[in-house]
Amino acid sequence: MRYLTAGESHGEELLGIIEGLPSGLEINLSKINSMLATRQQVYGRGSRSSLCPDTAEIRSGVYGGKTTGAPIAVAIKNGSCGAGEFDFFRPGHVDYAAAVKYGYDSPWLGAERASARETAIRTALGSIALMLLGQLGITVNATGTQVGNAVDECNPLELSEDMKREIDVAGRSGDTLGGKIKVSISGLKAGFGSHVHFDRRLDGILAGALMAIPSVKAVEVGLGVDFACAKGSEVADILIYQNGKIVRKSNFGGGIEGGISNGESIAFTLTLKPIPSIAGLPTVDSGGNACLTGKVRGDVTAVPAACVVAQAAAALALCEVILDCLGGDTMEEIKDRYGKKG
Amino acid sequence: MRYLTAGESHGEELLGIIEGLPSGLEINLSKINSMLATRQQVYGRGSRSSLCPDTAEIRSGVYGGKTTGAPIAVAIKNGSCGAGEFDFFRPGHVDYAAAVKYGYDSPWLGAERASARETAIRTALGSIALMLLGQLGITVNATGTQVGNAVDECNPLELSEDMKREIDVAGRSGDTLGGKIKVSISGLKAGFGSHVHFDRRLDGILAGALMAIPSVKAVEVGLGVDFACAKGSEVADILIYQNGKIVRKSNFGGGIEGGISNGESIAFTLTLKPIPSIAGLPTVDSGGNACLTGKVRGDVTAVPAACVVAQAAAALALCEVILDCLGGDTMEEIKDRYGKKG
Amino acid sequence: MRYLTAGESHGEELLGIIEGLPSGLEINLSKINSMLATRQQVYGRGSRSSLCPDTAEIRSGVYGGKTTGAPIAVAIKNGSCGAGEFDFFRPGHVDYAAAVKYGYDSPWLGAERASARETAIRTALGSIALMLLGQLGITVNATGTQVGNAVDECNPLELSEDMKREIDVAGRSGDTLGGKIKVSISGLKAGFGSHVHFDRRLDGILAGALMAIPSVKAVEVGLGVDFACAKGSEVADILIYQNGKIVRKSNFGGGIEGGISNGESIAFTLTLKPIPSIAGLPTVDSGGNACLTGKVRGDVTAVPAACVVAQAAAALALCEVILDCLGGDTMEEIKDRYGKKG
Amino acid sequence: MRYLTAGESHGEELLGIIEGLPSGLEINLSKINSMLATRQQVYGRGSRSSLCPDTAEIRSGVYGGKTTGAPIAVAIKNGSCGAGEFDFFRPGHVDYAAAVKYGYDSPWLGAERASARETAIRTALGSIALMLLGQLGITVNATGTQVGNAVDECNPLELSEDMKREIDVAGRSGDTLGGKIKVSISGLKAGFGSHVHFDRRLDGILAGALMAIPSVKAVEVGLGVDFACAKGSEVADILIYQNGKIVRKSNFGGGIEGGISNGESIAFTLTLKPIPSIAGLPTVDSGGNACLTGKVRGDVTAVPAACVVAQAAAALALCEVILDCLGGDTMEEIKDRYGKKG
């Protein structure tokens, strides 16, 4: 399984091609669109997302509602949301680094592709991955657990009152907030990923995929940073034999040992930086002159929307690992093979 | 650039093949061995490492002290350090998951390859990557910043007294400790990695490589988890034009924006879990019977040794990104091309 | 550089995403369309191609007529050319093997993706690769050299009278013809591809790409099959020093030695089988009952159209090899680096 | 599955690491050595091969005679066969192109890695692939079918008298010969490879691997070049339903349709150029001065030895395709999954 995405923030459309999926996977377009809607309708988003509701179009690879095994092309048309041009390098954005790398005259050209807008198509592809995982009884979820100083656990469409208040306060002062997201994978059997080569370790693969989400600046597995102060004897996930199978008394490790899933739930925590789009910050323009940033985009925090993206990214990465392990030309084969695992 | 490693903890030797390096890179074998020695001689390691000093042998790809462009094979012979067999599943190790995956009868067979012993050969390959980076003026460093409750910053061979005391206390009680490591990359110009496709983002690539180090459970870039509570206006890395070039007033972001190096130092923080090898933990044996873990290996904390491994892993991952961007058949070409960057 | 294509023969559109091209490459849409037109307007094609003229649309990755470094999405809309359903397994087509592999009930479902229709989008992407190569002074050409028993060398739009006669005769009898194509690469400097690892050999890479074109059944380099009877002394490409550089007195080897371009023209010869779409052949239907094939598609020979596809496929494969060697974020860098080669 | 090889012709040893094989595959070292011996003991080889009998050593990845799933390292020590230095560019060898690419001062340095010596380790890895395929009932064979003007079909150790005579005559005159090899794969079920993306087509993959064998200059599938003159109606592989399954009345296509195995035997034909190592050819030396080639190596024809290499290369490429399709952590799983195919 492999995939590529294309498309700019203010281009005609976003496109994704995913290749290597089996035939016979039922594709539910309304599930994709519902996931896209969740990504857009969360609290604290600026005006753009409300104006241009995302709708996925399947352009190939599906016949009679099921995949054929051929590459699946998915598109999301961009609405007419006005131009994205600006002439200053925004701190925390790709603007400067992209201009250096690609020789852009204009600070905004890199932003067209670096924009979180790209995550819409990744979400659509991730939604397909979730459907495949769902057929195996595997679910991937992501919930917001912190927005600014408000700590809670809530799904992206139902932020706690504390979180909303944080967002409102920051938004009124023209500021932005970071936060945390918990990504959980349930129903994954033991034996996925591998210790035999470092680049096949499930923790490394998932961490790489999750860190590649815009604004994510930390990725933790299980106890994560809290392992630093713990004693080994306090955080051992003791094995016991219970009702005919081996289980754990705890899951500090987050479901991965030696780079392989151990049958417990997988648990990742992501930290997001505050969205760096803030007006009035001192910076330089494309001519190297000091200036202030203007307002480019209006979200206060990426946490709720990034929950959806993290769910998608984790699903895609996991799906790839599972298909490497199971192979399979048809969904039926894959289900049969997964059923015999563990 | 690509590489594979092979070899078991108690096998004949560890082997690595690295392919895709340019010709004309000077290989300093004593630098490799000195890095291997650092990995072994750190405080808090058990008896094995002192008995079997690691020495790298270059078996191909180098002529007259310089690379030829052909694959470089590196080997490290294993000393005769006794067998590694045991019959219980150790919590926090690959034992159980590997047995399920590969159908092993014996809990110890997975450990042969999952053992941190493999990181010796990754260190040797990483040392070669460091030599290439060094030719471009890029350095990669890793220092211990926390062991248990002792917080300090020190290189792996010179732990602070506090850290040593933590290790001694834990060791005497048969317990183990986690901690933190800071990985820094200096001298890297702006423009490496890319925002144009998620899997080319430098932060994702480095995070994936670092999370794939045994015992690493969290990877942070820049401020990392501390971004969660920060306001956007507080953590913006303001751009200014100074002495003819654009620089930053701060580096909260850790040197990467939009997945591309921005010319500032790259800063990652890793959290390690306590080494899970503890005697006397309740567990089950290969027959599913309750038992206690025996003592398998003697280190108290992985922090100092993992500094060396993290330095190697980061160097390898970065080297791959740089060679993707620069191409190059000869070291001379690569230096010339890097010189023109930025 | 990497790319994926998607789309079915009778689907909405064909799509391709190419990722990893530099910024600053001028994209000439009319050149793409002209190449698509050549692929369609050749002698001996059936009715479909004339009804639905292919037009490429660039949907991302290009701004102001130049690439930005972001993934380029290209689409070709399918005209309404009627359905492609049939219920018999055609010899020489993917029908049976695809049905077994993907569990299709219908013999025509595999054909939707295996159809030479897919080569239209590969041609569009190849046209972009040709533009990049053109900037380096490298040209890739493909000419028909045999159709049935008519042997000549002619470009795909100007078949010789003998060839046309062969096509007319075969067409009238409802039969089809194979033939040969010569693929030539000029202007490529010495040093591309590598002997150091088998999968980096330029001959293997090009042969793999060219054999993956529908109907191609043989790939030869230089003298190809005629090497079998030759003596070593007769086919040595003698080196001489002339006007300050080393050149050859002959080019039996086809421009590649040890898997590396040697500065001479690259020469491949492809053999195509007759198009297997013939009506009235005995076969079986999806129920396993004996039946006869019906008419599905109307071309007599693939030779002229496949010239265009071979040109595209060779250009894409070569472009990938060159970018691996040169790296490069901008077209300017790539030109500078290529200029210093050899 | 992936693998890397390393080692020079006159270096210490050849090394290969193969990663991604399942656990539980029985490794028969004497089969590897017997394949290595066949590669060496064929008719028409020079003195080197007789002096240094190749013996494989398994250095990792195997326990108790079976694979563990960990990377398998294989080594073949080089005997002391004298130096390989020379100072002239040999036509038909990598010497000139490698010197240009890697900046070598010496014409012989490229030859150290480009030498057919490397195929010994590829043979050893291929032998392991053959064992895996053998467990699935798949065999890969290669026989010489032409040496110079002598046409026959014989296994590499039992050349026909005509072939030997050709070799003797050429050898006495200091000349060399090319020839042809037939590679056959039996027992492969329908459904391997895929039409859905060009780079997954089995014919392209095998052709790429076979063309990457030193001296191979043409690769044909099925009728190959003879398709050029054939009519479609003459070469259709008619499907019939017989004894409960669909079979073919002929196999002109060589067992692959639309890039997928169709259940018939796979048949490839390779053409090898004469070994280009001939003394007394005019050429230039490293200073650009005209000179004559000296004698570097003594084989008259590569055909018999290349049979073994082709068998190995085809087995490795096929094994990779099969494992992509079947996945599988253990040999037992793979056998079960293959059994359910078709």
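In order of appearance the chains are A, B, C and D, and numbering begins at 1 in each one.
The definition used in the following text is that a residue touches a chain if its C-beta (ideal position, glycine included) is under 8 Å from a C-beta of that chain, and two chains touch if they have at least 3 such contacts.
In this text, all values refer to a predicted model and were calculated from it rather than measured experimentally.
Engineer: Report which of A-B and B-D is connected by more C-beta pairs in contact.
Structural biologist: Looking at A-B and B-D side by side, A-B shows more C-beta contacts.
Engineer: Once you find the CA centre of chain B and the CA centre of chain C, what distance in Å lies between them?
Structural biologist: Averaging C-alpha atoms per chain gives centres 44 Å apart.
Engineer: Quick one: report the Å distance separating chain A from chain B, using the average Cα coordinate of each chain.
Structural biologist: The computed centroid separation for chain A versus chain B comes out at 25 Å.
Engineer: Quick check: how many Å separate the C-alpha centres of chain B and chain D?
Structural biologist: 37
Engineer: By residue number and range, which residues of chain B touch two or more other chains?
Structural biologist: Each of 4-5, 19, 69-71, 101, 113, 191, 194, 196-197, 329 in chain B touches at least two other chains.
Engineer: Chain contact graph: line, ring, star, complete or other?
Structural biologist: complete
Engineer: Would you pull the chain C residues touching chain B in the complex into a rising list?
Structural biologist: 19-20, 69-71, 191, 194, 196-197, 323-329, 333, 336-337, 340
Engineer: List the residues on chain A that touch chain C in their complex, please.
Structural biologist: On the chain A side, the touching residues are 2-8, 11-15, 17, 19, 22-24, 59-61, 63, 68-73, 101-104, 109, 112-113, 329-330, 332.
Engineer: Provide the residue numbers of chain D that touch chain C in the complex, in ascending order.
Structural biologist: Touching chain C from chain D are residues 4-5, 89, 91-98, 100-101, 110, 113-114, 118, 122, 146, 148-149, 170, 175-180, 189-192, 194-199, 201, 203-205, 207-214, 216-225, 227-233, 235-241, 246, 248, 253-254, 257-263, 271-278, 281-284, 288-290, 313, 342.
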